[in-house]
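What follows is a pair of complexes built around subunit A, which joins subunit B in one and subunit C in the other.
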Partner chain A sequence: MGEIVFKNICKSFGETKVIEDLNLTIRDGEFTVLVGASGCGKTTLLRMIAGIGPATSGELYIDGEEISDVPPGKRGIAMVFQNYAIYPTMTVKGNIEFGLKNRKIPKAERETLIAEVAETVGLTPYLKRKPSELSGGQRQRVALARAMVKKPKVFLLDEPLSNLDAKLRVSMRTELIELHHRLKTTFVYVTHDQTEAMSMADTIVLMDRGKIQQMASPMEIYNDPNNVFTAQFIGTPPMNIQKMKDGKHQLGYRAEKVQLSETKPDLLYARKAVVLTREMLGSETIYKLQLEEADDGSGKTAVMAKTPNLMFEVDSRVYIGVDRKDLYYFDEEGRRLRGDGISPSLEKMTAEGGES
Partner chain B sequence: MYEYKKPNKKLLKVKKIVFAVISTFFKLLVCVIFAFPFLWMISTSFKTLYESLLYPPTLLPQNFTVDAYISLFEQVHLERYILNSLIILVSVTLLQVLIMVPAAYAFAKYNFKMKGVLFGAVMVAFMVPTQITFVSVFQMFSKMQLLDTLLPQIIPCICNAFGIFLLRQNFMQIPEELLESARLDEAGELKIMLKIMLPMSKSTLVTIMLLSMIGTWNSYFWPLVMTLHDSVRPITIAIQSLRNLEGGLEWPIIMAGNVILVLPVLILFFLASKKIIEAMAYRGVK
Partner chain C sequence: MKHKQFRIGKLVLPYVMILPAVALLAVFTFYPLFNMVYLSFFKYDMLTPKKFVGWDNYYQLFFVNIDFIAALKNTVFYTLGVIVFMISLALIFALWLQRSTWVNAIVQRFMFLPHICAMLTVAMVFQWLMDDRGLFNAVLSVFNLPALRWLNSSHTALLSILIVAIWKGVGYYALILLSSVKSIPPELLEAADLDDAGKLRTFFKITLPMLSPQLFFLLITITINSFKVFDAVRIMTGGGPGNSSDVLVFYIYRQAFNYSKYGLSAAAGTILLLILLVMTVIYFRILGKRVHYQ
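Coming up: the complex of A and B.
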């Protein structure tokens, strides 16, 4: 099986330290998504597992075995690259077969394996074609088939859907989830798209500047973020974060928890606002609203609201309100305050808002 | 109001035809200018000596004869020279590929110490003309007592600096992911080079080989310097020496020799011209 453990991993490119002292355990059989903005080190981690971009220092284990010195082909992993990296001069069959041939698997066995995997991903009619004669989605399947046929302990996927058009991406997403259910092997999936992460992952590992910001299930990472970065990265639109009156603490609430009304609501957090823009998405409407005065007195500030309520026109004056249970508090460094960390004075400040 | 004037269709048609006629005429003219020396050469090679000296000259042979070709092989024994040329050609081409491909792969995809300096050396070798180096090369072979053999015609030519450069450029365009993917597929470096990189650079390789083959086949200066005896000389020198036959300038024989010299090059070009064009044009294979 395939449990992956990073221990005190560091990585630098020349002088630049990309990852510093990282510890991470990717659980066996899970669909783990590494997500973060570009340059956060997620692909670097993936390449370390593959053995094509070794760590500068630290230890890496698959199934309790230290693999830093094991060559890429012997690690029991398979990788799907962002640009597919299928061999353009070989046929589809040649592409799938290449790895098997290198492992000296006998021809009869190869044929069965290829037929099997081609059937699974729906490539059987295209086996004799060259990659240049295939569509983007079909090339993606070739890359998948090539990975699957090796029966690896771990699948590594580096933004495999980012070159596909929006519709295909969504359907491939479901297919990948199904594939994972069927194979029950470890999937490590890298993406910058938080929607992809939310929809596919068993566990999300959210990274920023080489550090893990939070590692949790999609539900937990959405409902219970550890810090401002996580709160703003996960969810669309990002969580509204406002500096509080003391200029230190920060207050956050999700756009989808904002309640709009014409009269002042009886909620802990209530502010006056003006509607700046309105985007109708059908089932929901996203409003961009402007508060006259931010809580910390820094002037006008914008917040987002997402609600089924579409009756407010641009420029109309409204009240925004957020329930007490939907408010998140963060300290100066952006760390989340929970339970006892939320003092009555903080809540008092929330209720008072910018009024002195 | 502005009135749309219908173009005179007939006039347009006439213009088109006139243009086509003129353009075709000039194209043909250029073709004739380029092809005429070749045709003249072929025609003369089939003439008798008497006819070749006639004034005014005849365009096509009046008495068609292959005597010139026969005497080329019976008197001059051209086949010996052809064999020498072929041995040189095949060895040079094969050895060039053997050296060029791994060198280009290393320069394109590996990082090693002194890479920049070494590649600079290759580029210098590519830029320095042979006329500058031949004296020292001559001395080297002289010291090794290898002059007047086939070896000094082969060994100094086996490193094709231009080829290394061109192939390296081509290899560099191949995305790194393909190599990584092959490494994940447990392919060794040799296999990556032969099964992934080379097939993707086939046209470039063919072009390089072709250019180098033509160069080797036509080389004159180098063998002239490095050899003394006819037994090791290539066809080019033999044909030059046709001018010094006892009977004076026998144009049909000289031209027949030139036809034989040019023929392989022409055949090669027609066989590979598609590949050459492919190599020079941008290929958008994803």
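Coming up: the complex of A and C.
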């Protein structure tokens, strides 16, 4: 068990409001990833769950129980800190054992638990070492082991992989996913890396300046973004967003849905463009293209395209086209328009944009 | 050829550069040190020629003049007292002052003030405060407590000096500890909180080990400084009443400058040197292992 519910949560540091009226349910047993730009309040949220940075107002429930008054050590929570926070004066074993000793678990049982967890994370040969004698990756495993050994109902992980090199990061990612499959407990994982979020999450919670922009599965958040922020945050390169002819509405399309051709394509959205740069990735090529004139008449504007087609040279003139079903419409405030919200006049504007 | 000369120059240069410092050390530290040990085997009063007496000075100190043993005992007692009280008080103040509020900032500055005062002035002020009709007794009488005789009683004379030493030093040592208390990452304490460690356990298992290098430094400097206590004793009690507040360095001073027994004085000095050497070695051997360096 380990369902976490935030109800009207606010948090301020002195005068500055970091989180305002947040409502969120983190489902039991899921791998939830909190993602957002630096400073958006991810760590703040985790610290509230842990109880080490309490909310200014609002209610926080774990498994239906209001826990504002429960001390951090009694919440059944383990946290891996952004900078690990392993105890430098203790050995690896001491670090893992500390929480168990505090809970007065008998020595024999402690030894078994430590041996077990050390084996899982591959720390057995290092148990006697001090943290200063370990590599970054090993330290990260110590932090993980210290959390795992407590068998918590909720795991909180604050950017645990951000200090690792690219290769180690990828392998730790898989290990963490496997760990989650094995333990089947609630994981709340913080990152500012959207690829990490996409590859690990059951549910992504995307935040911006203390507000939740969207909460959905990786596929849904990618295919069906609620707003411009989500559309641009998730996916590389970010979604192309263009102001429409009326200067109010916004039109979006993913780089990977852009079709390039030499003749004008028979698609709802078709524009003339010039190739600015070409970046070949092997299976795909990323083009940066320039439209002569943006739809709202504000001059030149750049768009990205990602396609297997690598035949277009820099400076060559091409047509870009996007299928009707791959177009996203947003209103003035950046909110997504769906179904009936997309009026025929909007589509007409889309088509007309290419006429001038 | 030219190349080689350049290299020799490079080899010699560091030695040339530390030469002034080494020369000063040699003249003012090493020479007196060796000379002291050398003198301790002689009978010497600066007027008549030195006379070699072997171990006789040491024999005198330990088996003839009982006042040396008394001074030694007092010094050890005083040092132990200063170590225990100074370190615990400094630690308490450091923990108390760790939160950065404006009150704490002011308190911190005031606590440091005694450190920059000369011991001479401090001793004289305390002598006045500890007078039979001084402020301390006035305060005691407000609370209906019996007056103490402070410096004039053989029971409290050494204690009074200890109080002065702690008053003068605690702010400085608290400041040293404070800077390292503040440098403990707060996440460590939060992690301990999540590990369900109580306040006391967090203090003994996290905070104290994190401070161990500074505590170790304090232990050594305080030990050395306390063994060398002199000016407060000289001014406030003159070692009295009787020799109840006599200490090693004051004993050494008296033998040399009051009685012109330079040999005896040198022997006492040599013993002080040996004690400090042995203490330091013991500290490093026994405690050094338990100190955690980052």
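To be clear about the criterion, the second predicted complex is superposed on the first by the 353 of 356 C-alpha atoms of A that agree within 3 Å, B and C clash if a C-alpha of one lies under 4 Å from a C-alpha of the other, contacts with A are read in each partner's own complex, and residues count from 1 in each chain.
Methods note: a residue touches a chain if its C-beta (ideal position, glycine included) is under 8 Å from a C-beta of that chain, and two chains touch if they have at least 3 such contacts.
Bear in mind the structure is a predicted one, so any value in this text is a computation, not a measurement.
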Fit or clash between subunit C and subunit B when superposed on subunit A: clash
First (subunit B), second (subunit C), both or neither touched by A:89: both
Subunit B versus subunit C as contact partner of A:27, first or second or both or neither: neither
First, second, both or neither for A:77, with subunit B first and subunit C second: both
Contacts of A:248 with subunit B and subunit C, given as first, second, both or neither: neither
Which of subunit B and subunit C A:50 touches, first, second, both or neither: both
Residues of subunit A at both interfaces, subunit B in one complex, subunit C in the other: 50-52, 71-74, 77-79, 81, 83, 85-90, 98-99, 102-103, 132, 146, 150
Subunit A residues within the subunit B interface of the complex: 50-52, 71-74, 77-79, 81-83, 85-90, 98-99, 102-103, 131-132, 146, 150
Complex contacts: residues of subunit C adjacent to subunit A: 185, 187-188, 190-198, 201, 205-206, 209-210, 212, 292, 294
For the subunit B and subunit A complex, residues of the former touching the latter: 175, 177-178, 180-188, 191, 195-196, 199-200, 202, 285-286
For the subunit A and subunit C complex, residues of the former touching the latter: 50-52, 71-74, 77-79, 81, 83, 85-90, 98-99, 102-103, 132, 146, 150
